[in-house]
């Protein structure tokens, strides 16, 4: 029974199916809010208010011809999209949603979660290189450079939270917040800002959409992917968006915790989780609407000049507080 | 610089060698037509000078205009097939537009380049070389730039004897 | 086919450190089919190849086969964006051949349309530039507000873009009083919005990061390479056909020639925004001072034998038409030299890294966009009457030769 | 920029929900140059329209009443030159702008 | 209606190709994406890579030089793909009809699914054309 329940948890709720469904809804919300901020409506006719739009995109891409150009490194080219999706889904499973623990949870999983994101980025790099297209190669190169930029401050700000909680276990971090106030309102505010900015870079969204800058290098590392593979990559991106907002929530906003009536945790926790991730999503989308794209050297400079020192400052602050 | 001053300066410098200097004037050439009874001035014809020079002093005149009178902006260069001759017109300007016109024979169409005076004229000269077959002596890189590879040697598309034709459809139309 | 060959030779070439990135002819940064080849070293541009022949349509030849009235509409379609400037220039040239002047009210309407078109073109450019640097929100906002001027143009002429308003001997449509009020209201909205965008351009950190110090064109080079229009004015050179060679009513209607001296993309942004504000004021002046009377005189179809040169300050700079008539209903020769063609040497200069500043791949679109290129006219100019025109590639060697020549 | 973004969050959307709703908000001004309508009864067959048509959209044919133009909209620029030259006012450009078809010969005005 | 067809109808991604237009049509296509018109309502996104696109939106007369590029881009697009010709000169050459460098219409090069008349068409007309194309596909 336990085993079945666990399997159910992994596959359906709050596992893979839930993640995929939610990822579609989040992409829709992202597009809707983005459009709204630009004073237009966004997807409208696909399902009520266009809510099925990402789903339609996905299905359409699945059904489309899948072109594999001759020059590409075929095994890599075919495997990488699946790999990327698996990575991001694994990350999602480790998020606390229905309770204070994720489906996968072990001591030290914070490091694991952050590493997952780096891995996704590396997969992206390889996809760029494997497509043997000049735009893709430049995109991959940029993705790697960008990784150098945001990786360290992101790591540092996550670690500062670990120090605050004196644990590298997401479960501990969440439960401390559930009992003693969110880190965002406490000493974690600087870390929150850094983490969200770096997250934006991780997700390759404006102002850090440098690796897929449309006006410069067509679609960057994505250029050669079509059909199924493109669908998987898009889904990866959406799950990653969800995963990142979930991580922000877990680290800074107390995870799914909140005032609950005993017995109703099973409903209220996911609800809180949703509300909080929505807030983070809104933030991320506003950031996207607010800026122009930076140049890669500007991005790296910005990161090393401001983000890294600030992240170190954050660690110091945390040291003082603890 | 005013039109008259340019004209005077050119006359003083080159005297009889210049074939013609024309400054279209305000009010000139008006009212021969019957459609409009009232006489109107020509306002837009200000600030134009047309100078016709023989091919021998073409470069001298331009050097004088560019270096001493300061008309160092090449506005355009027009080539034109006028039967036996090819007319080349260089439109120089800063404020007013001075058109230096010269004629070359079609079968021996050689003219000296002015790229050493104004680097910006390079593309204009290559264009005329390509389309009309004028050879600009001393041009650093006078290759055919416009016509496609495999274009016949002595066919110049802007000459009157060239008859263009529309490409054929590659696909049957429904 | 050709592309593959290029790639092959590339692999064999001695430049092992370099590789080429083709931008265009199908590329989101250039909705126009021009072809640029940049030689890059890492992210740094060290050379540029240009091919703008993709848009050659055979217009100048066609002009010789059609009569003067038909040519208005053909000329208009050299470029959809500055169609007002093109038809204005054409109409002026033919009126010069006729030796006739048009009624004053027609001149006011022409000037007003020209400035409205400039507003539309500059706002379009501002949006495109924002899009180039990935600032889609600004792009959306600017284009949303641009609809104001598009609606006005549509109301005045019957189409949003191709106005077909200038004709030989005047303009085709009069402006009613009702329309005048609407234009005035529209101008007020636009002025407010433009002032706001000026503030955004000045204050937004990412815009500044992307535009300042990028695409430097020194005034000396600008003059030597015969740059025109806002490109030249952003290098601090006061030069404007409307002041140097006033046509229509530019000697009557007050306006300032905007210059800016930081010589970079940022300067080009601000020059264009300020120019648009000037245009708003000029439109207002026209509305207030427009006399009554005819808007058109009848001219015969065939002008007398003669020749004429007509110059207009199009949104992108000086536009020149040369017309030669042989007394028949078709022109003997009609030559068009458009601003982008004249600006191409300058943009190549901007795009090549120098000892004192570097050009990044990421800067290419915004630098290219900063001259507001319109390759339909350029290709038409440069590749006049070529039929099967193929690649004209401005090779690196050639480009360098060109640059060193100009520096001498 | 932040303020502007916040404002548009609450402002009315600029979008006109054109094809399905809000058709009335698509404002077509007087004098819009759209689809051509031709009045056979007014036409005298003077052929001025064909002579000045810049793209050859105006083809002259002979029917039972004599010479007359037909308009191939696949070539037409909607420049209204034909409307302007027609001495009888037989040609009019209407406000009809929804000109999409699956056949390039779909719009031939007789 | 089956799921795949529904998805296809709801998610037409566009690729814009200029074959030598006067840019009036191009700016109108672009304008159709901006707030006033907002093609994204139909799920349409402007894509940069031919590999991602479903609908090829062509503007301008097809010139000799651009023909090969057009064919290449067309071939790069994964099936199923649709072509929309926007503007008179793309449909038939329009005002450039008869010029020696211009083919007599896009459909003399590649098959075309929908034509949008106008020079240039209003953005609304372009939206109308896209919707008409989708309706035709729905009925098929």
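Each chain gets a letter, A, B, C, D and E, in the order it is written, and its residues are counted from 1.
Keep in mind that, in the parts below, contacts are C-beta pairs under 8 Å (C-beta built on N, C-alpha and C of every residue); 3 or more make two chains touch, one makes a residue touch a chain.
For clarity, every value in this text was computed on a predicted model and none was experimentally measured.
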In contact with chain A as well as chain C, sorted by label, we have D, E
Of all chains, the one whose CA centroid lies most distant from that of chain A is B
Using C-alpha atoms only, the most centrally placed chain is C
Top of the farthest list for chain E, CA-centroid basis, is B
The pair out of A-E and A-D sharing more C-beta contacts is A-E
Between the Cα centroids of chain B and chain C the separation in whole angstrom comes to 23
Expressed in whole Å, how far the mean CA point of chain A lies from that of chain B is 63
Separation of the C-alpha centres, chain D versus chain E, in whole Å, is 20
Expected list for chain B, residues touching two or more other chains, is 164-165, 174
By the touch definition above, chain D meets two or more other chains at residues 1, 5, 13-15, 17, 54-55, 77-79, 103
Where chain C touches two or more other chains simultaneously, the residues are 27-28, 53, 58, 61, 73-74, 77, 137-138, 140-141, 144, 147, 159, 162, 204, 386-390
The chain A residues in contact with chain D across the complex are 36-41, 44-45, 286, 289-290
Residue set of chain C touching chain B in the complex reads 53, 58, 61, 92, 95-96, 98-101, 223-226, 244-245, 247, 297-300, 304, 306-311, 318, 320, 322, 324, 332-333, 335, 337, 341-342, 344-345, 382-390, 392, 398, 401-402, 405-406, 408
In the complex, the residues of chain E that touch chain D are 35-38, 41, 88, 91-95, 97-98, 105, 107, 112-119, 121-122, 124-125, 127-129, 131-133, 136
Contacts from chain C onto chain E in the complex sit at residues 1-3, 25-28, 31-33, 53-59, 61-62, 65, 73-74, 77-81, 83, 124, 127, 139-141, 143-144, 147, 150, 159-162, 374, 376, 379, 386-391
Residue set of chain C touching chain A in the complex reads 19-22, 27-29, 43, 130-138, 140-141, 144, 204, 206-207, 209-210, 360-365
